[in-house]
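For reference, the structures are reproduced in the following blocks.
One chain, chain A, links the two complexes that follow: it is found with chain B in the first and with chain C in the second.
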Partner chain A sequence: MVKVFIYPSNSLILSDLVDRFGHEPLAMMQEIGKNIRTAGLDSPPINITPEDPKRGLKYAAVEVPAGVRGRMSLLGPLLEEAEAGIIVKEPDISFGCMGCARTNELINFLVRAKKIPLLELNYPNTEEDAKTFVYRIREFLDGLSASGTGKGDE
Partner chain B sequence: MGKENLVKIAQLSCGSVYSGIQQEIEMAAGMVDAEIIYPEITIDDVKVVQEEFGLQVASPDLRLMMARAKALVDGKVRADAVLIATCFRCAEGALVRNEIRRYIHENSKLPVISYSFTERTTAATLLTRLEALTTTARRRSLLAREHQEGLTAGIDSGSTTTKAVIMKDDKVVGTGWVPTVKVMESATEALDNAMKEAGITRDDIQALGVTGYGRFLIGEEFKASLIQEEITVNSKGAVYLAGFQKGQATVIDIGGMDNKAISVQDGIPGMFTMGGICAGASGRFLEMTAKRLGVDITELGALAVKGMRENVEMNSYCIVFGIQSLVNSLAKGSSADDVAAAACFSVVEQVFMQQLQEVEVKEPLIMVGGSALIAGVPRAMEKLLQIKVTVPPYAQYIGAVGAALLASGFINK
Partner chain C sequence: MSDDDIISKMVVLHSTYTLPSDLVIKIYESKADVTVKETCFGLVIEGKRSEVNRVARELRNLDPNRIFIKERGVPPGDKYLCRAGRGGGPKPGFHHHEVEFALLPYFSEALAEIDRGEIPKIKDVARPHITIDELKDIIEKEVKKSE
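After this line comes the complex of A and B, so read on.
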C-alpha cells in the first residue's frame, strides 16, 4: 500500500479511487477531521486552530497570506508523507474545492519537487474522457504496487 | 450594549477559515447583535460569474465571493449588511475585495465593510468595524441627515482629549476642549465650557450625542440620545463640515492614540482602517517633537511649513528611535524648522504605509482631528499623495460635531 497525495486535496472521487485500488489517499478531509474530533477545541467544528497558520510557517514564509499558511499546516505534513501523487489539472470546482490559487500553486510545485511517482491528468469533460481518466488512474495505482514504490508496499 | 434588532451580515470572504479567525468574526458579530450568514448559490452561478463580472481570477474561493455578491445584488438572498474579507498580502484577494465592494455599493443599498485580515485578527479588532457596519444598517435614515436642527450637543471622549460642541441650526455656537484625564470629569468640563460659550444651560439642550473611547460611560451618565462609535460619526462630521455630503470622499484622522482612514460615500463609511499600535504614526509623536523643540504644539505646524524635511536624516518611524533621529539632527545643527517638517512628514508617511494601502484614496481628501491643524501635516500629506487636502473648520471637533448633527435626529423622539 502506497500513500498517495491527491490534488484537489479534498476530492472525494480521487480519494475513493485511490482507496478502491488498494492505496492510502492523503486527503485534506482526514486532517480537518482530526481537528474537528479533537476534544478541547473551543467551538467545534472548526477546520483549523488559530495556531495552525503559525505551523504553516514551516512551508510558506510570513509574507504569504495567512490563509495559505493555514492550509499548508494541514497539507504540508501530508506532502511529507506522500510516496506518490495524482494531480488533476484545471479541475471543476465541484470536483473538489481548491479555494486558494496560491496554495494550489505551492502544493503542485512541492509534489513535483518531491520526485515521487506522479500522475498528472486533465480534468475530463466528456464521458469517454472520464473512462480514460479512471483507467489511467487505475493503471498508475496498479503500477505503484508492481514497482514496489513506497515503504509500506505490500 | 443593549439588545438591538438582529442584523444579518452576509460574509463574503476568502481564507478566513484557514487563517483561523472565523470564530473571531462570529464572536464580534455576536457582540453587536448581528448574525453572520453565507449567501447560498449554485455551482452554475460560480461558473458564469467571471464573465458577468469581467474579472478573471485563479482562486475558486474568490469566484465564490463574486457569485455570492451577485446573489445579494440580485436579491436572491436577504441580508442587512455585508462584510468582505480576504487575506492580508493576497494581491488577487485585494483586487476582488475592492471590486466586490464597489459592485455592491453601486448596485444595492447594503452597507459594506471590507477588511484584510491576518491570523492575528481578533474579535476586539473587528468589533468597532462591525459596530459601524451594524449601526449603518440600523440607522441608515439617521445617517442620511444633512442638516443639524434645533439645539444639540456632541461630546467626543477621545483617548487624549475630550471635545464638546453646542450646535444650533447648522452652526457651532460653543466649543470645549480639555485633555482627557478622568473620562467623566473631562467630559463634564468640556461640555460646561461649550455651554458657557454658547450661553446656555443643560436644560436648553434638546438632544445629546456621544462618541469616542469613553462613549459608553459618558453616554449612560449623561443619558445621551445617541451613543455611537467614531467611524460613522467622524465620516458624517467630516463631509458635513467640509461641504462634501454627496459623492465620495476620503477622511483621515490622525489622533492622539490611533489613526483612522475612511473611504466615504454620501457620508456613509465604506472601507476604513483603524491603526493605533505604533505611537510613531500618531499625534503623540508630534507632541513629543514639539516638547523637544521647546515650542507649543500649536506652533509646530508653522515651523514645519518653513522647514525642509530632506535636511533631516530620519532612520526610523518608531517613537523612540524617531525622536532619537530628531535629537541627533538638532545636535548636528539642523534647524527647528527642518526637524518639525521631518516629524510631520514621518507621521504622514507612516499613515500612508500602514493604512492608506488598504483604503481607496479618492478626492476630496478631508483631514480632521487636532493634528490636521498642524499645518505641516496636511502639507506633507499633499506632497506625498499629490492631491489637494481639505481641512474643514472645526476639524479638531469633528467627532463632537458629527455626534451633535446626528443627535438632532432624536429631537422630539
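After this line comes the complex of A and C, so read on.
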C-alpha cells in the first residue's frame, strides 16, 4: 500500500478511487479531523489555531500571508508522507477551503519538487473523459503496487 | 496513525438500487461499534479507524460502483457546522460536493466498464510545455538567422 497525495486535497472522487484501488489517500480531511478531535483551549471552530501559521513557516516564508501558512500547516505534513501523487489540473472545485491560488501553486510546486511518481490529469466533464480519468488512475495505482514502493521515480 | 483513532467517513450514494436505509441495516447487521447518521446523500459513520474501515468495505461491496466513500474531518451532527446553529445557508464543503455529485454517474459507468474489462480509447495526451533546452535551441537558431 502506497500513500498517495491527492490534489484537490478534499476530493471525494480522488479519495475514493485511491482507496478503492488499494492505496491510502492523503487528504486534508484527515488533518482537519485530527485538529478537531485534539483537546485544547481553543474556541471552536477549531480548524485553524493561532499556532498553525507558525507551523506553516516550515514551508513558506514569514512574508507569505498567514492564510497560506495556515493551509500549509495542514497540507505540509501530508506532502512529507507522500510516496506518490495524483494532481488534477485547474479543477472547478478549487474554491472554499481549497480556494487560495498561491497555496495551490506552492503545493503543486512542492509535489513536483519531491520527485515522486506523479499522475497529472484534467478534471473530466463528459462521460468519455471520466472513463479515461478512471482508467488512467487505475493504471497508475496498479503500477505503484507492481513497483512495491512509491519512490520508483527517484 | 493508530487503529484506535476516532475518524468519520462519509458514504455518498448515487444509486437507484440502493437506499441509505439499506446501508444502515447492513451496518446494524454487522454489529460494528460505530455511530451512524443517515443523510440526504448517504451516511456519515464515526468510530475507531479499524471498525469504520471494515464497515466501509462491507458497504462498498453492496453496490461497488455506485457507492463513494471518503474520510470526513468533522463528526456527524457537529453543532458548529450544523445549519441550525449557523443560521442556514450551505455547509462548508457543500459546493464541492455539488460539483462532484453531478459527475458520479460518469464514474459509476467508468468503473462498470473497467469491471467488464473494456479499455477506453485514450486521447493523445496534450504536449507538455516547452523545455529550457528547446527554448535555448530556438534562441540559438533565431540568433543565427538574424546574423
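The rule is simple: the second predicted complex is superposed on the first by the 142 of 154 C-alpha atoms of A that agree within 3 Å, B and C clash if a C-alpha of one lies under 4 Å from a C-alpha of the other, contacts with A are read in each partner's own complex, and residues count from 1 in each chain.
Heads up, the rule we're going with is that a residue touches a chain if its C-beta (ideal position, glycine included) is under 8 Å from a C-beta of that chain, and two chains touch if they have at least 3 such contacts.
Just so it is clear, the structure is predicted and the values come from calculations on it, not from any experiment.
K.L.:
Of chain B and chain C, which one touches more of chain A's residues?
P.N.:
C
K.L.:
Of the two partner chains, chain B (first) and chain C (second), which one does A:T49 touch, if any: first, second, both, or neither?
P.N.:
A:T49 sits against chain B, while chain C stays out of touch.
K.L.:
After superposition on the shared chain, which partner residues are touched by A:E128: those of chain B (first), chain C (second), both, or neither?
P.N.:
second
K.L.:
After the superposition on A, what does A:R20 contact: first (chain B), second (chain C), both or neither?
P.N.:
So A:R20 only meets chain C here.
K.L.:
Name the residues of chain A shared by its contacts with chain B and its contacts with chain C.
P.N.:
47, 93, 97-98
K.L.:
Under the definition above, what is the set of chain B residues touching chain A in their complex?
P.N.:
Going by the criterion above, the answer is residues 14-23, 43, 46-47, 57-64, 87-90, 92-93, 117-119.
K.L.:
Mind pulling up the chain A residues that touch chain C in the complex?
P.N.:
8, 10-13, 15-17, 19-20, 25, 27-33, 35-37, 44-45, 47, 92-93, 95-98, 124, 126-136, 138
K.L.:
Using the touch definition up top, name the residues of chain C that touch chain A in the complex.
P.N.:
Residue list for chain C touching chain A: 6-8, 10, 12, 60, 68-75, 78, 80-81, 92-93, 95-97, 99-100, 103-104, 106-107, 109-111, 113-114, 119-123.
K.L.:
Mind listing the chain A positions that touch chain B in their complex?
P.N.:
Checking each residue of chain A against chain B gives 42-43, 46-54, 63-71, 93-94, 97-102, 104.
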